[in-house]
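Both complexes below contain subunit A, partnered by subunit B and then by subunit C.
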Partner chain A sequence: MNTTISPLKIILFLLGFVIIGLPFIALLLSSLAAGWRWPDLIPASFSFRAWDYILFGSARTWQSIGTSLLIALIVTIVNVVLAVPAANALVRFQFRGKWLAEAILFAPIIIPPFVAVMGIHLTFLRFGLTETILGVVLAHLSPTLPYMVRAVVISYSTLSTERENQARMLGAGPLLRFYYIVLPHLLPGIAAGASLSILISLSQYLITFIIGSGQVVTLPILLFPFISGGDPAIGSAYSLMFAGMAILALLSLDVALKNYYKKKGVRSNGEGGE
Partner chain B sequence: MMIRKITAPVLLGLTMAACSAQSSEEAEREEENLLTADWQEITDKAEGQEVNMYMWGGNDNINRYLDDWVAPRLKEMHDIELSRVPVSDAQDFINQLLDEKTAGKTAGSMDIIWINGENFKAAKDNELLFGDFSGQLPNFNSYINPEAPEISHDFGEPVDGLEAPWGKAQFVFVHDEQKVGTPPKSMEELADWVEKNPGQFTYPALPDFTGSAFIRNVLYETTGGHEQYERPAAQIEDLESRLEPMWDYLNDIEPYLWRNGETYPESLSKLDQLYASGEVAMTMSYDPALAASEVLKGRFPESTRTFLLDAGTLSNTHFLSIPFNSSDKAGAMVAINEMMSPEAQTAKLSPENWGDLSALDLEKLSPEQQAAMNNVELGEATLPLEELENNRLPELSSDYIEILEKGWMENVAKE
Partner chain C sequence: MASLHINQIEKKFAPSKTGQQAPFALGPIDLTIREGEFFSLLGPSGCGKTTLLKLVAGLTEADAGNILFGDNDLTKVAPEARRFSMIFQQPLLFPHMTIEENAAFGLKMQKIGKKERLLEARRMLAMTGLSGFEHRYPDELSGGQQQRVALARALVAKPRLLLMDEPFSALDPGLREEMRELLGTIQHELGVTVLFVTHDRQEAFELSDRIGIMGGGRLLQVGTPVDLYERPESTTVASFLGLKNIVEGTVHSRNFESHDGQISINTGQELADGRYCLIFRPETLMPATFGNQATVPSVQFTGKVSKLKFNQGTYVALVQAGDEMLECMVTRDQAENMEVGQLIKIFVKQSDLQFVEY
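And then the complex of A and B:
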């Protein structure tokens, strides 16, 4: 690893700050602004109205963050369970109608979720799944699963069957082979897919609203009316909460992954050598 | 307030809505009962019920008024738990009710919905509403004049007791006193002002609700009054030529608008943002006290004022209704009744809480109640209630609104 600080790194860091950091500063200022008029670079006066509303008002912010994270977590776990066997089959087996299976798996990326969710809503109504977290979780699977499958497929395609065959000859059963050989190799792909799945699930508004019918209140459900209704201060404050929630979720994923590698005795960036 | 186009999914739902919607006979009888029972019986039944109120949730003042003012009182007086469900567009829950009707869901979670105009018409046409309940509410009977046109009709559609009035809105122009010394008194004067101050005025692109209301005001003034449009649009044969002066007016001011009229703000909130950041000198609102509440928040400059035109401006009423499959209809009726009480309406009038005009007939209130309402500090940016009251024009029915929105695209936006 190269540890000297090169000018390129400094430039990249500054660029990263301008692209990622500055919008947050603008959001923070806007959430605290009481009147921000051209040509003022900084708001003329500040107020905690927006933060007071979302943190201490009866705005149910914390409860909605809990609901958002719970749904994203369940969705991601279900995605992993579904995506690993699917990716396995897609990469390793040749079968008739494979293109069709792939097309169906990836269709939600291309077809707008709104189209599907109208039909899903009617069906879920009949099954009594609307207004429940279970229903929302099931509905979130459609926009998230394709990304998970995609990520795991890439991991699988760089894994040859030789190691597994070797383990099989040594007497390892399918579970052991999966746990000791396949899973460590898939983990970076699963982590990538899980990050996408968490982020996409957290940011769903329409699907959550229609299937949850207003009874499953996630953060976007509270946030959207303010953005479309044009209260920039509260919209900004909620957006910052949302960003914080997403970063927190991704960080915990990262920490969990690092812990796993530590336990395995493999350095997190040393894996993947085939 | 939030009225927008009902789009394709509704039409789809409409054709499918012919399916089953069976409810047990017992529940039906009980509902019949609510529409005829005496009030005491209804309040007894309402006790302990949980009422979900689905409403547009994009304003913290309105949300707080419900959460901190209305809900605790309902809990205390009637042991009713009011839970507000924020929605970004009223059309969303109408679509949802349509689906629920199609799927035959009889125990729905929506107990009160906040609607008017096109959303009410869609709900009424598809039989998504509970029934003729407003006549059961004591506060409706005591303080409302059911014959008044703005109560009996909602954007030209007969209300038939399916919804109860909650508040009134009126179109006003919002200006910065420091930039607009003497506000225009007519559309003609407005055009003069716009020409002399290029880039300082614009209106939201249609089909934005407020932008659409602005051109309806133009329509009334440039084509000789609103009376001629009381008939259905289809009955006026020379409608197109009658609308001609309005398109001419809009095209004449276009070169002097913000960005030379090459583009329009896509929504009122974008226009408000332009005004708040000082890019334009005027904005507009279908809520006469909204400017005052924006000044209180610090978003609009202190020098913000509102004005009307001498010929009057459009006004409408917004309503509360109960969906067909509400599970707590008695609770919903009691809650709506409380929200129509003089105390609740007076609190709602104050810009600190919300700044929404009262739905009640001032003359039916007791002298003390009248005084309480007149003493509400509306803020310098709001016009006196009397001035608003005396300059109200009725709304057009929705068939015209559609024609105007299409016409604007062809005659103004495209050229």
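And then the complex of A and C:
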């Protein structure tokens, strides 16, 4: 192994630090500042006021994290259930109007969510779905489903029907075939789609705000008023909380996947992971 | 256990929209495969042999006719419920399972306990010479080893019928021979009924109890390897079996005469007058260079040696008789006494003459 550190590596590390690390340091400083005025490079005085408030002062923090994670989890599960059959149909069957089905499925990536949400809001008002978690979950499906479908479609297109036929000739019915042959093959794709689905759902502000009407409080709903002028210190602390929550959610997905592969005995040779 | 009956099975494929694929019709085909038999379907690519195999497997649905196993009508039974196993051209092992788990998959689907099915799997892996590989993964094995796992996996499930779709065609020649021998031994030992699809004559002749020759979506002739080789019923079958000495001519009052009149011989059998093709197997043509007189009723004609080819242990003499170029298998001694351009007499036993209708 070469132990000398190449200058390129140092430059890349510094670049990464400036782009990714520096904002976090600024956030951390801002959350700990008791007043941070121009032209001070670092705050003149520090206090744990903001952290004290969000961790102990307000019970809503933990509630909102719970709500955020619950919504993201349900959204992701529903996405998997919808995306697997959809991807199967898109990859394996030729049918009339296939392009239309694909266009509708992938439209939310291109069309701004706000446009759709205005219509969804009116409909949900009629069905009494506004201000409910169910309503927010349903509304979150539209921006997340396309990514899940996309990821699973890619997995499906690398799965030959021959392997399923082989399992069939060994006596495996449709459900067993799906469980033993198809699902293990789709899993990396599903994991990739799930990560995106969780992240997008967690970071939704507008959709949650309109459909939830302030009654469904996720972390972004709590965070937004503080950064848009309320209290920058608390806003910064909430932003860090948010980043921590997202990272933890992704890490647990990764751990779950690794455990699955360990149980199945597959070595980490690039089969798994996202 | 019982035999497989294929009755009047038919399948039509419409031409594809892009026009790349011509319309194709299979059958109607009748065939019975006996219990414990090794039966091969032999034919050029595109003759419908794989389609017929898939119909038997149930992976393709027949347009007409039915498939019986013993007294059970399987025509509408799903492939997974037929208790057949199939080996494809590719090993198609399940990449996320160990070799052992792969081999035990069929029994797992039959809900056999883990201990028992792994024991069976190991026994079969040992039979196919794969002891010590049980805990490996498919991608750690070579192509030949993978196909052996596929064979073990198919056999562990104790199939009522083993279907094989050109299973060795993706292997290189040396391995192919090795696998052929292994399959022959194991089939003999287990007594499993096999329906084997191949375009390789040698493979079919070496392994099969009976062979069905297919061409153009039809079953042309069924018989034992010796039967087919010595008594092909048509020129298509003969040429597919590699018999090149096919002479066209007419029979008139028990005398066959080739078109150019160069070969004129007594048929030795009762044949109605008309146009026929005469098929000579290369090893039945005996050059008379040593004055060796035949002891059984023979016929003879004259030809000119136009070429001598050495062919790993045997010589092939190309003899020009009129317009016909005949292949004639000769021994080394005979070949050494021959010269290109020499006129020789050729004897054929009357019983070795095979006439087929033109």
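In the analysis below, the second predicted complex is superposed on the first by the 243 of 274 C-alpha atoms of A that agree within 3 Å, B and C clash if a C-alpha of one lies under 4 Å from a C-alpha of the other, contacts with A are read in each partner's own complex, and residues count from 1 in each chain.
Simple rule for what comes next: a contact is a pair of C-beta atoms (placed from the backbone, for glycine too) under 8 Å apart; a residue touches a chain by one contact, two chains touch by 3 or more.
Being a predicted model, the structure only gives us computed values, none of them experimental.
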{"item": "Subunit A as common anchor, with subunit B and subunit C clashing or fitting", "value": "fit"}
{"item": "First (subunit B), second (subunit C), both or neither touched by A:36", "value": "first"}
{"item": "Contacts of A:51 with subunit B and subunit C, given as first, second, both or neither", "value": "neither"}
{"item": "Which superposed partner A:147 touches (first subunit B, second subunit C, both, neither)", "value": "neither"}
{"item": "Subunit B or subunit C, by number of subunit A residues touched", "value": "B"}
{"item": "First (subunit B), second (subunit C), both or neither touched by A:173", "value": "second"}
{"item": "For subunit A as apex, the angle formed with subunit B and subunit C - C-alpha centres, to the nearest 10 degrees", "value": "160"}
{"item": "Partner chain in contact with A:242 - subunit B first, subunit C second, else both or neither", "value": "neither"}
{"item": "Subunit B versus subunit C as contact partner of A:162, first or second or both or neither", "value": "second"}
{"item": "Superposition-derived minimum Cα distance between subunit C and subunit B (Å)", "value": "49"}
{"item": "Set intersection of subunit A contacts, subunit C complex versus subunit B complex", "value": "none"}
{"item": "Interfacial residue positions of subunit C with respect to subunit A in the complex", "value": "57, 59, 78-81, 83-86, 88, 90, 92, 94-96, 98, 105-106, 109-110, 137, 153-154, 157, 163"}
{"item": "Parts of subunit B lying in touch with subunit A, wherever the complex brings them together", "value": "9, 12, 52, 54, 56-60, 63-64, 67-68, 85-89, 92-93, 95-96, 99-100, 102-105, 109-110, 267-270, 272-273, 276-279, 297-301"}
{"item": "Residues of subunit A defined as touching subunit B within the complex", "value": "33-38, 45, 47, 49-50, 53, 57-59, 118, 121-122, 125-126, 130-131, 205, 209-210, 213-215, 217, 221-222, 224-234"}
{"item": "Interface residues, subunit A side, partner subunit C - complex", "value": "162-163, 165-173, 176, 180-181, 184-185, 264-267, 271"}
